[in-house]
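Attaching a single structure in C-alpha cells format; questions to follow.
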Amino acid sequence: MTTSTFSPQRLGTLLVALALLLAPLTLGGQEYVLRVLTVGATYAIAVYGMNLILGLTGQLSLAHGGFFGIGVYIVGLLTTDYDWAFWPSLLVAVVVTALGGFVSGVVALRTREEYFAIFTMAMGFIIFLVISRWESVTHAHSGVSGVKFPEGFGLLDFSEPIVMYYLVLLFLLGAAYVTHAVRRSGIGRTLVAIRTSEDLARSIGINVGLNKQLAFAASTTFAGLAGGLFAAVQGFVGPSAASIDLTFEMLMFILVGGLGTVLGPVVGTFIVLFLFEFFQDFEAYRFLVLGPIIVALVIFAPRGIVGYLNAFVGKLRSRGTGAGTGSGGPPEHRSSDTATDVKETL
Amino acid sequence: MTLLEVRGLGKHFSGLHAVDDVDLDISAGRITAIIGPNGAGKSTLFNLLAGFYRPTSGTVRFKDRDITGMSPHRTVAHGIARTFQTTNLFEDATVLDNVLSGRVVRSHSTVFDAVLRTPRHRREERLNLDKAMAALEFTGISEYRGEIASSVPQEVQKRVSIALALATEPELLLLDEPAAGLTEEETGGFAQLIRDIVADGVTVGLVEHRMSMVMSLADHILVLDHGKEIAAGTPETVRTDPQVIEAYLGADHQEQEGAG
Amino acid sequence: GGGGSGSDTIVIGYSGPLSGGAAAYGKNIQDGLQLAIDELNNQGVTVDGEQYRVELRSLDDQYAPDAAATNAQRLAEQDDAAVVFIPHAGGIQAAQELNSSRTEFLLGAYSSDPKIVEQGNELTMMIPPSFESYAEPFVDKLTRNGESRLGLLGTASEYGQEWTKLVTQEWKSRGGQVLSDNSIDYGTVSDFAGPVSRTLAENPDVIFLGGPSQPTAVIIEEARRQGYEGSFLLMDQAKFEEMEEFTDPKNLNDAIGVKPVRNYDDPGTEDLLDAYAEKVTKKRPVTSEVALNYQSAAIVVAAMEQAGSIDDPTAIREAIPDAIGEVGEQFHVSGFPTEITDAGHLRNQDLEAAYRTPDGEYEYLPIEQPDE
Amino acid sequence: MLTVRGLSAGYDAVDVLHAVDVTARAGELTVVLGANGSGKTTMFRTISGILRPSAGSVEFDGTRLSGLPADGIVKAGLAHCPEGRHLFAKMPVEKNLLLGGYVRRRNRRRVHELLAHVYELFPVLHDKRHHPAGTLSGGQQQMVAIARALMSDPSLLILDEPSMGLAPLVTAQVLDAVAQINRDGIGVLLAEQNAQAALRIAHHGYVLAEGRVVLSGTATDLLDDPEVREAYLGV
Amino acid sequence: MTLFIQQLFDGLALGGVYCLAAIGLTLIFGVLRIPNLAHGTLYMLGAYVTYFFLVTVGVPYVAAIGLAAVVLAVIGVLLERVVFHPLRNAPHTHHMIAAVGAMFFFQAVAQAIWGADFRRMDSPISGSVTILGAQISWQRIVIVVTAVIVLGLLTWFIKRSIHGQTIEAIEQDRTGSSLVGISPSRVSMLTFGLAAALATVAAGLVAPINLLAPTMGDALSLKVFAIIILGGLGSLPGAIVGGFTLALAEVMTSTYVSAAAGEGIAFAVIVLVLAIRPTGLFARAVQR
C-alpha cells in the first residue's frame, strides 16, 4: 500500500456529507422527500445525543424521546402562546434540556445498566404523561399549532423548506463534528473507560459520576436542540413527539447505523426512516415485515452498518501494513465494537 | 518521612468488621506489605485508602492532608494509585490506550479544547502519549502497545495494569496480589519491577500471599486477621511470630521455605 | 406522479390509525371511504367529459400528528391526491399547517372538535357535527326530573376532556352539582370496577361517560352490576349500535347519545348496511364513522365533477356547496348534509340524537347546532 | 482414562492451544504446569465443553467427548472445578453441593452418600452449610467448588489452580484434600502454580508453553528436570 | 368504608394479574439478563388464544386457558430460540430492540388474525357476592385465588424442585451451572415457556372483566417493568410483593387522589424507589 494519507473513513464522511448537501437538488421539487429528509435530520441530531451517552458511556437512556419532547414543547409553546421569537426559544430549549439532564442525571446515574435503562424509561414516560395531561399549559392532546419558523437573516427565509433543510443540516454536521472531536480526545477516552469498567476508571482518577452526568447532559441537550428544530419543521406538534416509541425508534436508528461511530447515527436514521416510508404501502401489515427485519438486523448486524464498514476497512488496512502492532494511533475504530465475540458454546 | 498515616481505621459491612481499628504508617520510599489469611480485610483496607469505600471509623492522612472518605478520583489526583486483585483492564482497547486512560487525571483540556482543537489540547495529547510510552517502557511491555488488552498474556496484562497505575504519576502505589497466578520465574521479574518502581521514587504498598516475594521485598509488614492487626514489624519478626504462623503461615511453612 | 395513478385515475388520500390502539377506528373510516368509492366506480365518474376510476390510497399514521402530516404531503405530492382524509384532530391540525402554506390539498377532516374549523383554514371540510351541539340538548333531556348530581367517567383523551369540560359547564349553568372527575384512559385501564365504584360512591343521578364504544359498554355494564340505576350521558364517540353488541342492551336503557345509523330511513341507508355486511363484515354494525365518511367521499367526487377539475383543491372546495345537491340518493345514509358553512363544516339542519328509554325504545330529539 | 489428541482451541478465531496431546490415566493424579497464559485453562475449558475445539479430539473411557455440550460431559463422569470457582454465590453451601449432584439427581441415595462424603472431606463446609457461599472466605469457597465438582460422582476431576489467591496455610490444606481425593480412587487432572507441592502429590506431569506440550513425564522425572526446577520451582 | 373494601378487592385482583405477568418477566431477566419488552405482547397473544379456544372452538373456560398456556409456552420457546438465543452474548440494548421488533410483529399478527376491533370474552363465572357491603364479582375472587395458588406452586417449584433451582443457579452463575450439568439453553427455553404460560393465565383471567385488543399488552408491559424494578430485577418474592403493592397503590391513588395520579403512580414508584435504592428493594449488595 502507498504511504498516502488516504483514509476511507474520511472519504466516507465526505461522501455522506456531500450526499446530504446535494440531496435536495436531485429531488426536483419533491417537497415530501425533502420533508422526510428534514425530519430525518432533526431526529439524527437527537440520535447523536443518544450516541454520546450510549455509544461512549454504555448507558442506555430511554428518556431520550422525553427530552426531545421537552425541546419540542418549549419551542412550540414559547413561539405560540407566549409569542417569543424562534431563536431565543430554541436557546431556552437547549438550556433547559441541558440543565434538566444534568440535574436528573444526579439521581438517574446512581443506577446502573438495566436499572438505568428502566429508570430513564420511567422518566421518559413521566415527561410524556405531563405533556399529554397538563392541559392548561401544554394543551394536552390538542397539541400546539402555528409554531414559528426561525427568523431569517438577510436573504435567508426559513419558511422555504429547502432553506430550513440546510439549517437543520448545519446543526446536524455540527453534532457529528462534536461527536468526532469528543471521541478523538481525552474526553472520549474517559467516557469509553467508564463504559468498559467503572471501577477501573475510578481507580485511575476519573470522576465517574461527574463525567457520566456531563455526558448525560450533553445527550439531553442534543435531544432538546433536535426537538426545538423539529417543532419548527412540523409547525404543529402533539404529545406523540415525546412518546416512548420515539425513543425506541431512535435506538433502532443508532443500532442500524452503528453504535459509537461518527457516521452511524445519520446513516442509520436515514436508512430506517426510508425503510419505514417504503413499507408504508403495506399499511398495518408492514410490521409483519418490519418486525422481523429489525430482529434480523440486530442479530446479524449487531455492530450496525458503519460499524461493519469500519471493521472492514480496519482489516484491509492491517493487512496492507503488515502487523497491526505499534500503530499507536487513537482508539478510533477499536472502541466502536460493542459486539462481544465470545464463542463459548453456552 | 511518613507518607500515609492511618489511625483507628474501621469498616463494617452489615455487622461484619472487615477492617477493625487498624493503625498503619507507610514511610516514603519503602515497601510496606500487608498479609493475612483470606478474608482478613487486606483488599478492604486498600479500598479504604484509595477511597473506594468510606470508612466507618478512623482517619487516613496522606502527605499530612486528611483524605478520609475522599472519593477515588481525588485520591488519585493527590497521588495514590492502585491495582486490583483480579486484573482489571479496559479489555477491548489497546494496551497503549489503556495506559493513555491513566493520563486523564493529569489532563486539563476540556471538551471545548477538543472541539476547537486548541494548541493546549494538542500539546497535552502529545505529552500524554510520551508519558504513556514511558510507562510502557518502564514496565517492559512497549512491544505490546498496539495489541488489544484482553489478548495479551496474563503476565503482560498484570504489567499493563501497573503501567496504567504509573501513568497517573502516583507517589503511593497500592498493589493487590500482583503475583497471584505467576510462576516462580515470573514472580522474580515482578519483584524486580517493584524494586525499580521504588527506586524511581514511588512508595509501594503490597498485598501478597507469595511469601518468598513478600519476605524478600518488604521493609515493613502488617499482618491482619479478622480485620485486626495481629503483628507488625520487619520480615524477620513477623516470620517467627507464633500468632502469624498459626493464623496464616502454617507450621510446615518454615520447612517449605527452607527447602526452596 | 407516483406509480399507478395514471391520467384516468382520481386518487383519494387517507391517513389514519391503521395499527396501534386506534386501529379499529381508523379501519372503520377507511371502510366507509372505500365503500363509497366502490359505489362511485360502479356508477362511473366523469369529470370534464373524461371517465375516471377513483382509487383510495391509505397510509398508517398510528394517530400521530407528525406522521399524519408527512403522509398527507406524500399523498398529495407522490400520489397526486387532491383530497386527503384524516380522522384525528392532531393530524388535522398538522395537515392544516401544511395545506395552508406548502402543499395544497383539500382536507377531509373527520373530527367533531370545533377547533378545526375555527382556524380559518380554507381547504378544510369538517365532516361530523360539532360535539358542542350535543351538550345542551343532552343535559336538557336528562335533567327533566330534577336530576342534580353528575358523575364524570369520560375517557382521558383530548377529545374526552373537551367533552367533559363542556358537559360540566352546561350542568353547572343549570345549578346542578358536578361530582369528582374520574376520567380514565379507556385504552390502558385493565379493570374498570375501581373507577366505577368510585363514581357510584358519590351517588350520581346521571353519569357522563364515553370513549370507544366497546369499553364504554363494559363500563356501563359494570355500573349496572354494581347497582346503578340512573341515566347515562354518552359522548358522541360511543355508539349505541356497537354497544348493543357488547353488553346486554338492557344495560343501555335510560341513556342518551348519537342516533344509530340503522335507525335512519334515508334512501341509501339499507343499501349501505347490505354492502357493509357483504364486503366488510357481518359481525359489526355500520356506525356513523362509516356512514359519514361514505357520504363525504361522494360529496368530494361530486365536487370534482362540478368543478370540472380533479386536481385543484381550491376549485373543488368552492364547488362543494353546489355539489351537495347533486350527490346521488344512494349516498344519503345518515342525515346527509344540507349545507357547508363558510368555515367548511358539512351540516344537516335536521340533526337528531337518540334517547334510549327505560323500556329500551329509541326516541329521537332534534339537535340545534350553533352558528359558525 | 482421558485421552486428548491434537487438541486446538482459542478465542476469536485465534488459537491459543495448538495440537496438544495429553493423557490422564484412571485413578492417577496428572499435573499440568505452565506459565501464565500458556493455555492450561483453555485446555481444561475445551475438555469440559465450555469452549469448542477448532481441531482434535477428546476421548474419555472410550467415548468421544468433543462435540458434546458441557452438561453431557459432566454426565459422562468428568467434573471440572474451574478457575474462578463459579459458585452460586447467593445460595447456601448445601444447595451449591446439591446442585453439584444435578446429573445424579435420579439417584437420591447416591447424592446423599456423596454429600456425607464431601462433608467428611471438608468438615468446615458442614458447619457453614446454611451460609450463602459468597460469604465464605476464599479458601472455604475453593473447598465448596471442589466439593461441588465431587458431587457429580466423577471418575475424573479437573482442578484449575485450586490454590489461586489462597493463603499459604490454606493452600496446603487444599492440596492435602486433593491428594486425599486421589487416594480415594478418583483421577485428577490438576493445573497448579505451586509446582513443587503439586509434583509431590502427582504421578505424571505435563509442561505447557505457548499452547504446546513442551515436556512430559513422571512426577519424579519432572522434579529433577533442570528446566522445570528453574522456571517453576524457583531454584 | 364500603368503597375501601371494594377497592381493596379490586386491588388484590389486579395485583394477582400483575404478579402472574411480572413473575415471568423477572425470571427471564434473572436467567438471561433480558429486559423482555415483548412480554406485554405475549400476554396479549395469550388473551387472544384463550379467546380462540373459548369462543371459536368452544372448549370450557378452564381448558381454554390451559390450552392457550400450552400454545403460548411453545411461542415463548420459539421466541427464545429464534430471537434471544442468537443474541445471548450481545449487550442489552440489542435485546431491547429485538424485543421491540418482536413486539411489532406479534401485534401485527394479532391484528391480521383477529382484527383491530375490540373483542369481548365472557367467562362462565358470573355474579358477585356482597362482602362487608361491597359487591365483589366471583371472577375477581377467582383471580385472587388462582394467583395465590399459582404463586405458591411456583415458589415451591423454584425453591424446592431441582428443576426450579436450575433457574436460580443460572441466574447466579452461568458457567458454574453448565459445569454441574445444567444446560443453560434448556433452562432458557423452560423459562421463556413458563413466562409466556404465566402471562397467558393472567390474560385469561383478566380478559372477562375487560376487552381484548392487539394493544392490550402495552400498558401492562410498562407496569410489570415497574413491578420488577420495585421488587429488584430477578427476584421472585420481589415480583410478588411488587405486584400487589403497585396494584394497591394504583387503585388507592386513583380512588383517593385522582385518576390521572393513579395512572402515573407506577412510574413515580420506579423513579422514587430507584432514586433511593438504585438496585431495587430486594436486591442484595454485591462485593467489588
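Observations
Order of writing sets the labels: A, B, C, D and E. Residues in every chain begin at 1.
Note that a residue touches a chain if its C-beta (ideal position, glycine included) is under 8 Å from a C-beta of that chain, and two chains touch if they have at least 3 such contacts.
Note that this is a predicted model, so its numbers are computed, not measured.
Just to note, of A-E and C-E, the chains joined by more C-beta pairs in contact are A-E. Ranked by separation of Cα centres from chain D, the top chain is C.
Using CA-based centroids throughout, the chain positioned farthest away from chain E is B.
In whole angstrom, the spacing between the mean C-alpha positions of chain D and chain E is 42.
Centres computed as Cα averages put chain C at a distance of 75 Å from chain D. Under the contact definition stated at the top, the residues of chain A that touch 2 or more other chains are 133, 199, 284, 286-287, 341-342, 344, 346.
Looking at chain C, one finds that residues 18-19, 23, 156 touch two or more other chains. Shared contact sites, meaning residues of chain D that touch two or more other chains, fall at 11-12, 49-50, 69-70.
Contact residues on chain A toward chain E in their complex (touch as defined above): 54, 58, 60, 107, 110-115, 117-119, 121-123, 125-126, 129, 133, 199, 248, 251-252, 255, 259, 284-288, 290-295, 298-299, 302, 338-342, 344, 346.
Those residues of chain A that touch chain B in the shared complex are 177-178, 181-182, 184-190, 192-193, 196-197, 199-208, 218, 323-328, 330-331, 334-335, 337. The residues of chain E lying in touch with chain D in their complex are 162, 165-166, 168-169, 172-173, 175-183, 185, 284, 287.
Listed in rising order, the residues of chain E touching chain C in the complex are 2-3, 6-7, 10-11, 13-14, 17, 107-108, 111, 115-118, 120, 128, 134-135, 137, 140, 206, 209-211, 213-216, 218-220, 251, 254-255, 258-260, 263. Chain D makes touch with chain B in their complex at residues 11-12, 14, 35-37, 137-140, 161, 164-172, 193, 195-197, 230-235.
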